[in-house]
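Quick one: the structure is below, and I'll ask about it shortly.
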Amino acid sequence: MATLRGDVGGLELENPVMLAAGILGTTGASLRRAALAGAGAVVTKSIGIEPRDGHPGPGIVHLGVGLLNAMGLPNPSYREFQEEIDIGRTGGSPVVASIFGSSPEEFVEVAGGLDADAFELNLSCPHAQGYGAEIGCHPGDVEEITRAVVREKSVPVWVKLTPNVADIVALGLSAERGGATAVVAINTIKAMAIDVESGYPILGNRVGGLSGPAIKPVAVRCVYDLHSALSIPVIGVGGISCWQDAVEMIMAGASGVQVGSALSGGLDILKSISNGISRYLDRKGMALADLSGLAGRQR
Amino acid sequence: MRPSPVRIVEIIEETSTVKTIRFDSARLDPLPGQYMMVWIRGVDEIPMSFSGPSEMTVAAVGEATRALFRLRPGDGLGLRGPYGNGFSLIGDRILLIGGGVGAAPLAFLGDVARHKGIEVTSLMGFRCSEDIIFKRRFERLGELILTTDDGSSGIPGRVSLGLERLDPDRFSQIYICGPELMMWDVIERWKDHAGKMQASVNRHFKCGIGICGSCCMDPTGIRVCQEGPVIPAVQLLEGEFGRYRRGPSGSRGPPRG
Amino acid sequence: MATLRGDVGGLELENPVMLAAGILGTTGASLRRAALAGAGAVVTKSIGIEPRDGHPGPGIVHLGVGLLNAMGLPNPSYREFQEEIDIGRTGGSPVVASIFGSSPEEFVEVAGGLDADAFELNLSCPHAQGYGAEIGCHPGDVEEITRAVVREKSVPVWVKLTPNVADIVALGLSAERGGATAVVAINTIKAMAIDVESGYPILGNRVGGLSGPAIKPVAVRCVYDLHSALSIPVIGVGGISCWQDAVEMIMAGASGVQVGSALSGGLDILKSISNGISRYLDRKGMALADLSGLAGRQR
Amino acid sequence: MRPSPVRIVEIIEETSTVKTIRFDSARLDPLPGQYMMVWIRGVDEIPMSFSGPSEMTVAAVGEATRALFRLRPGDGLGLRGPYGNGFSLIGDRILLIGGGVGAAPLAFLGDVARHKGIEVTSLMGFRCSEDIIFKRRFERLGELILTTDDGSSGIPGRVSLGLERLDPDRFSQIYICGPELMMWDVIERWKDHAGKMQASVNRHFKCGIGICGSCCMDPTGIRVCQEGPVIPAVQLLEGEFGRYRRGPSGSRGPPRG
């Protein structure tokens, strides 16, 4: 079978299929489990300065076309999280710490307090006041925060972007200027669901972020646009539920992919996606590198 | 799989802090041991075991459960589920071991078992006689041994005292639900029989669909909301069960009860 | 059955379920057919200054979660379109002319050249260079164009907004300041699909706009936010495929709804949605006005 | 319902401007008269009738069809479909009336009809003998009457001349496909028999799924891509058919052929 080994955003991975941030990433054991299940790398739940319980429930609604969530960045704070990262690493795949903050200083404090194989800056969560997309939609802030973390850490720094803007490429270019090793696209899309019986917004936080199959075409588009404009690698995430989706994302320009919502079907999906990519490459007689960005070259 | 709207048709006050809430949806068809995510609109969403095909038995402990207590027949709720793995019925002589409101899913299991002709013995512990629930229901199933911490009814003391009256070899399978330290105590004492024990485990659930990670247990990262809540006791001997549990933020804290 | 008659964006409609722009809106006969099938109002294909053939095919791809399209604003120009509007009107429902242009002057020329019951300004098409969302993502342009058309015409002027921005409410407020009678939300979301076998982007235009069930949660959110902030009515569109979807959109704050992609299942959907709303109101003992914006009031 | 990838397995040059392209997908299972949307990657997507279960017969007229002509066995295409209403077989003696490449879906229909034991007569018109396609195929089905505009083969003149050799009363159903003015002419001449005539109508298709409106015909707004392309002739007597058709922009122009 075609090897999937290679560099993704500055990490040497066994395969380019990763566990996305916030998915089964709360505990070290769960991160390890995902690694053992076949994830080339695992990204933690986003970690911040202080412990947060998250929003009241429902935190998640399964809509037919995807998931809607507003967890509210629950996390035990970086002070309690190093042990989980260490346990996670025993799974044999790199552990990427997803971190968030409300300012460059907070990002630096969290990153400084954690030892991980790479950092992913959550500048894109759409449902936590003062964090995520609220900062991440301003190119200047993205650049400044990226630069601050890059200066602090010697491991790869990825910047996770929000699609809730007119121009995601401008954000990607800011991350690039700030020194990011890679960008990750996309986080969830601002959305809402209302209970038709009662009129109540279903999420405890009323509004939240859409993920899953519904957003895949949007993610593919963002990855395509970012790959066309940036010189750093793009990691694709959004709605990947089978190997074909992963191939599509890679053709759009992704060097690696992350899988989130599809994990609700079980962890086997990780291996089934990477096996599918291998078999596809075998059938086509191609290497992974040939596939990446193919859509931009087909005219 | 949005929360399905149901209406409350009946509320039974089991004790001053426990109510059984019966709702009008007959289509859920849960297995005993499965649970639902109960959305109290405008308040919160919490996991609740089924105490019957279309009912739950709730102890008021905090904001969401107290909000449930304020509801009246005719009021609406949103339900997702049934979710998770229920108890699997094995053999023809079973023992139910419950503590407090943990009696709820066991009573449902007992009903189903009895209906299949399985012999049911129950050992139920409560803090005091006022807290006892489902006494009549368990008695109808077969032998019932009661314990109360304050001795106001049945055997005085913890549930584990009741174990002494029972021969584990008599039972084809043993089902446990209650405060974690009580379950831990039972499993430890009857460790040699762990292979035929199933426990309904309580963790902090946020999603119920196996994706958020808030319910994951060490050391394997098992998702209690999906691969549980009923878990073979042998899987609970090593790791966090009985030692710690994670709260809503993911921080570790003491196990409960 | 509860009456659905009422004012929607300055038009007195038999029911608030309308045909969305660009859906079966190329010919007068087709508009009339939609009216006879139960549409409370029908919106035409977007009409511009000059005839356009549109983009090369595929112009549309049916993804599992919705439709992806890049038709490219094909239209025969306003000079050839009055006859179609006149035929459309024989269906008995108001005909709303959707129009586009690259400047206030072009909008005014098109609007000035057409007689319709209302105008819907397409400031939101995501896949035609120099038109639609390219202009419609700038609040200043939205206000200026709206004002220009409002000055020219004495019938209601609706402004159709793009969700491809960080803040759709800012666009809505611009439309309101410009004198719009109502805003319509949302147009399609920028997206893309790639053929996994060949690596070719499927759409002839490579990138396009996502509609259908995938975008409903995004549309609901936009309508909710707009309704909370604006004092003019909001018309909801995006992924409505059954009466429950319409009720959800109305609860979010819509005074009326438009149906697009779901028409691929046939025109009966129009009547089935309005009947469903009626029956719901009957069951609840509510009037349509009670429903509108209910989600904002349920706390 | 993305375009399904298929590979071309065989290309048959029927004439200098018409090729039959056979592809490797056996799963489409079309009815005669249904069509597919053919995506020539990087070029365009166009509607094509099936001329057999996994083949199309293409006349090169413009950019997309010429691009199709440049493909070789082994090359790929994307196909959506089968779409639309096919011909419905009625009775046991049918007549096929075709013009030019319009013969393609009729040949497929004839094959299916013959297989069911239905008696098939064909009347096919072409510009000249070099343009004739499927001669052998129609002959194998039953009686074939040929016309050519230039008289180089068969009856000299338009297809309609061939009508004079046939008694419409003999046929249980009549199927027509060809240039619009030819179809219009046939329907007009045999107007009294329009009730048993089905025509495959050609309009500008953009979506193929009944949503964009580009194929709608006056006066009813019928969507040819969905409710057609095969339409009972009685529905074609009034309105735009034979009078005008809309181009890609939606502007009205003359009918073709």
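Letters A, B, C and D mark the chains in the order given here, with residues in each chain numbered from 1 onward.
Quick note on the criterion: a contact is a pair of C-beta atoms (placed from the backbone, for glycine too) under 8 Å apart; a residue touches a chain by one contact, two chains touch by 3 or more.
Here the structure is a predicted model, which means the values were calculated and not measured.
Visitor: In this assembly, which chains make contact with chain A and also with chain D?
Guide: Touching chain A and chain D alike, sorted by label: C.
Visitor: If you tally the C-beta contacts, which comes out ahead, B-C or C-D?
Guide: C-D
Visitor: Which chain has its C-alpha centroid farthest away from the centroid of chain C?
Guide: B
Visitor: Return the distance between the CA-based centres of chain A and chain C, expressed in whole Å.
Guide: One centre to the other, that is 33 Å.
Visitor: Taking each chain's centre as the mean position of its Cα atoms, how many Å separate chain B from chain D?
Guide: Spacing between the chain centres: roughly 67 Å.
Visitor: In whole angstrom, how far does the Cα centroid of chain B sit from the Cα centroid of chain C?
Guide: 51
Visitor: Could you give the separation in Å between the centres of chain C and chain D, each centre being the mean of its C-alpha atoms?
Guide: 36
Visitor: Specify, in ascending order, the residues of chain B that touch 2 or more different other chains.
Guide: Answer for chain B, listing residues that touch two or more other chains: 41-42.
Visitor: In chain A, which residues are in touch with two or more of the other chains?
Guide: Counting only residues that touch two or more other chains, chain A contributes 63, 193, 198, 200, 298.
Visitor: Spell out all pairs of chains that touch, sorted by label.
Guide: Once each pair is checked, the touching ones are A-B, A-C, A-D, B-C, C-D.
Visitor: Which stretch or stretches of chain D touch chain C in the complex?
Guide: Against chain C, chain D makes touches at 1-3, 5, 37, 39, 41-46, 64, 76, 78, 80, 206-214, 216-221, 223, 246-252.
Visitor: Taking the complex as given, what residues does chain C use to touch chain A?
Guide: Within the complex, chain C contacts chain A at residues 63-66, 68, 137, 164-166, 189-194, 196, 198-201, 207, 210, 213-218, 220-221, 224, 244, 247-248, 251-252, 291, 294-295, 297-298.
Visitor: Of all residues in chain A, which touch chain B in the complex?
Guide: Against chain B, chain A makes touches at 22-34, 45, 51-54, 56-63, 67, 69, 71, 74-77, 80, 87, 193, 195, 197-198, 200, 202, 204, 260-261, 263-264, 266.
Visitor: Which of the residues in chain B end up touching chain C in this complex?
Guide: Checking each residue of chain B against chain C gives 41-42.
Visitor: In the complex, go through chain C and note every residue touching chain B.
Guide: Listed in rising order, the residues of chain C that touch chain B are 298-299.
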